[in-house]
């Protein structure tokens, strides 16, 4: 295969991956714009024949459960961003510890990180609920954020650990030899090189916090503290489900994650080039 | 030439956390403990402690009255006896294991291939495709489950419509009203597609990030060596990214063992023959007003122990590494 | 809003502490009685449409004439989260003063000690005298009343009036008729004749009851599974036979409920008949308004004629046992569930209020769609066993749906019903 044919094949594969990834979401968004009778039409319409904004209007302006969409949205955003920042920071510290140091309880610590992820969340809801109640952290967004940090952390550490370990030790040692202190070494050598890993973990924690439903619902009591995924639940009824609004709300729920990804992806590239210069 | 080969072969040693080297600078002994302290506090309080509570509750009878303050009554191993003597539990367990085996394999395979592909694409195309892939990941599980139930729905479902268009000698006829959710095998086919679709992006992005941190010279060297893509992958990429692959493997196993929302939406409680462990646990313990938390905790403990066994191999490797350090 | 509530809370505390400031000017003239609480927490199930919010606002206004110092705080609980929400309340989390409860859950709530005994309060409530007796039984245990019916409805078979007249069909009067009718529609209209979903406990039970059978009966203080008795077995064989023997119901609804296919297909004219309540109308209209004028209902027929005793679905209202404001809470119920308000609210949902005199009144006599439902509701509604374990049997374990599914898929009727009875014997006697 010559070079241009190979290039074509690679790009074609890229387009295929894109289409497969996006199609179900496209279907969701297209459904959100369809009037109700089109949603269940016997012959599937890929593109809405009579696009409508009624479902979006209901979701955003409909006063679902007597709370405005933007209240849910702001709560979600706040919780997700706080989770990303705090868990990213803590995870980086801990990942550095396990990837760079040998210490007595290192193995125990690592096994614990793994084990805590194995318990199904449905089982953890009740004990956590009781614990939070005792700590007087129920019904507060910071309380919820702390729980999300807890859930994002073990995973983030596991992931980051691989990235920190992959940073050539020589670079770090060179920096030590240059007389740089731990903080400076960390900042100048480690951080740029693990930046892609940090991006991957931050996307993960963002999605974890952003999409999470059951803890949010269980721990929050006041309706004006609810997050977006709870709103989605309101459209599932006893006498029928409102598929149009469900799809519209899901579309709105997915958008910020994509935006967040596009935002950090540029950072990821910047981090990589910085790393290359150092390397 | 000889030098390059050595460099390549030596490469894995660099990334595997190896034994401490004599060259290393002296660092404060409490350093690592300080670094993990915040994590320990958060995880210990929010995950480990509740987990222990679950372990304790699995030997107790815990319902609303106990939660409201009455002392929990110890029942010995009764909860476990009840689970183990239930044929539905064993059937759910089989489904869980088979599903995890297939879904994890496919997730890692597809994810790695896409990761490699993203690395090969030009930067603009790569951003474009990665953006698309991310969308799959970002979709809330409940929404993904609904979308896939529709795509595979009986009337007006895109998949049945499409299969019906295909010639009969290829796929058979009568697809229009095919019910994908009344038999376990069909249900799990859809579930696998849905779960793999949602989880391959994470593998792809992690592999891509890993690939970006591999020094380019190694590949240049392999190229000079005349190594083909297959060989290059197994000789350079895989050993270098082994820590990342191990993490992805273990995490995928853990996640796919616990799949709940998607199956709940697709076939739910009315199709007991398609239960997995999570659904079994939910139906037995949490689905009613007065939860049987003891029973649910016992099931959760069993699930945790199984996962521990599955990942024990990995833990052993890790422990050995820790011991040789 | 928040500040107003906070201010109100502060004011209430002041009043309660006996510092009686200027805030209670209206109360000063009232006879001495316990001070009104600053707020009353009311839980409503479902999505809280703007219409519902507006309705509850008018209820609050009316309620405030009696209790000017009390703010009503409404919390909407999404239907899929009902069990979680109440588990949490019982475990000591936020709890309501007044709550709506799905009527199949009431007995489980009573068993959990969640609801206050309101026997005397109901007796002293003048409008309460004509509450639907059949529905009230479901709210009682050991001679005490713990809830009052709020709105309800019954299931019937939805059909297409235009198709029936084109094909010269009459609403079927018995089971054999039902099959022939379905077959005719299937042959002439090329759509499945009727939908027989398997995840449909309440619909399936209508057939069992129509044949004189039952899920379980109480013997002494024990519930005993009765699905293997000839009447119940015959009914279940008939229902599953719609799919397997008569082939008038498609396999595509196996493992699903009436909302996962049948409802949409009926609205779009892709299935001849399906079973649902009057409350389906708003949903059907949401899906497609095209055939709206041609939709009709007929009662589920008995095997050889007559109508099946129908199950009443709906919601009840109760006072939370731990509520410190039980008198005020019940006052709120009497406003929310006054004949006038209950009627208004039920109308918007296409449910029926639960007062016998209202059901038998002129309003429903002349209503072509709701009339049949009202007659059925005022007559013989039947409830599922008033066992404390019913919610577990029905919602968590889905015993009947799973048995019916297995039978449709070829398992032995006798074995499956035997197993279902075994489960009933355990689950219904917690």
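As written, the chain order gives the labels A, B and C, with residue 1 at the start of each chain.
Note that in this section a contact is a pair of C-beta atoms (placed from the backbone, for glycine too) under 8 Å apart; a residue touches a chain by one contact, two chains touch by 3 or more.
None of the values given here were measured: they were computed from a predicted structure.
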For this session: Could you tell me which chain lies farthest from chain B when each chain's centre is the average position of its Cα atoms?
Result: C
For this session: Tell me which of A-C and A-B has more C-beta pairs in contact.
Result: A-B
Exercise. Hey, how far is the Cα centre of chain A from the one of chain C, in Å?
Worked result: 39
For this session: Take the average of all CA coordinates in chain A, do the same for chain B, and state the distance between these two points in whole angstrom.
Result: 16
Exercise. Of all the residues in chain B, which ones touch at least 2 other chains?
Worked result: 67, 155, 286, 291
Exercise. Which chain A residues reach two or more other chains?
Worked result: 40-42, 126, 130
For this session: Find every residue in chain C that makes contact with two or more other chains and list them.
Result: 87, 91-92, 264, 270
Seminar exercise, completed: chain C residues touching chain B in their complex are 83, 86-87, 90-92, 105, 108-109, 111-113, 198-199, 250-257, 261, 264-265, 270, 391-392, 395-398, 401-402, 405-406, 409, 430
Problem set entry | Complex contacts: residues of chain B adjacent to chain A | 14-17, 20-21, 23-25, 27, 31-33, 35-36, 38-40, 42-43, 45-51, 53-54, 57, 67, 114, 117-118, 120-123, 125-144, 146-148, 150-151, 155-158, 161, 197, 201-202, 205-206, 209-210, 212-215, 240-241, 243-244, 246-247, 250-251, 254, 257-258, 260, 278, 281-282, 286, 291, 293, 296-297, 299-300, 303-304, 307-308, 311, 315, 318-319, 322-323, 325
For this session: Quick one: which bits of chain B touch chain C in the complex? Just the residue numbers, please.
Result: 64-65, 67-69, 153-155, 177-179, 181-183, 267-273, 283-284, 286-291
Exercise. Okay, in this complex, where on chain A does chain B touch?
Worked result: 10-11, 13-15, 17-22, 24-25, 27-28, 31, 40-44, 90-91, 93-94, 96-103, 106-107, 109-124, 126-128, 130-131, 146-147, 149-151, 153-155, 157-159, 161-163, 165-169, 173, 176, 182, 193, 196-197, 199-200, 203-204, 207, 211, 213, 229, 232, 243, 246-247, 250, 253-254, 257-258, 261-262, 265, 268-269, 272, 275, 279
For this session: Would you mind writing out the residues of chain C in touch with chain A in their complex?
Result: 2, 45-50, 53, 74-76, 78-81, 84, 87-88, 91-94, 102, 259, 263-264, 267-268, 270, 277, 279-280, 282-283, 286-290, 349
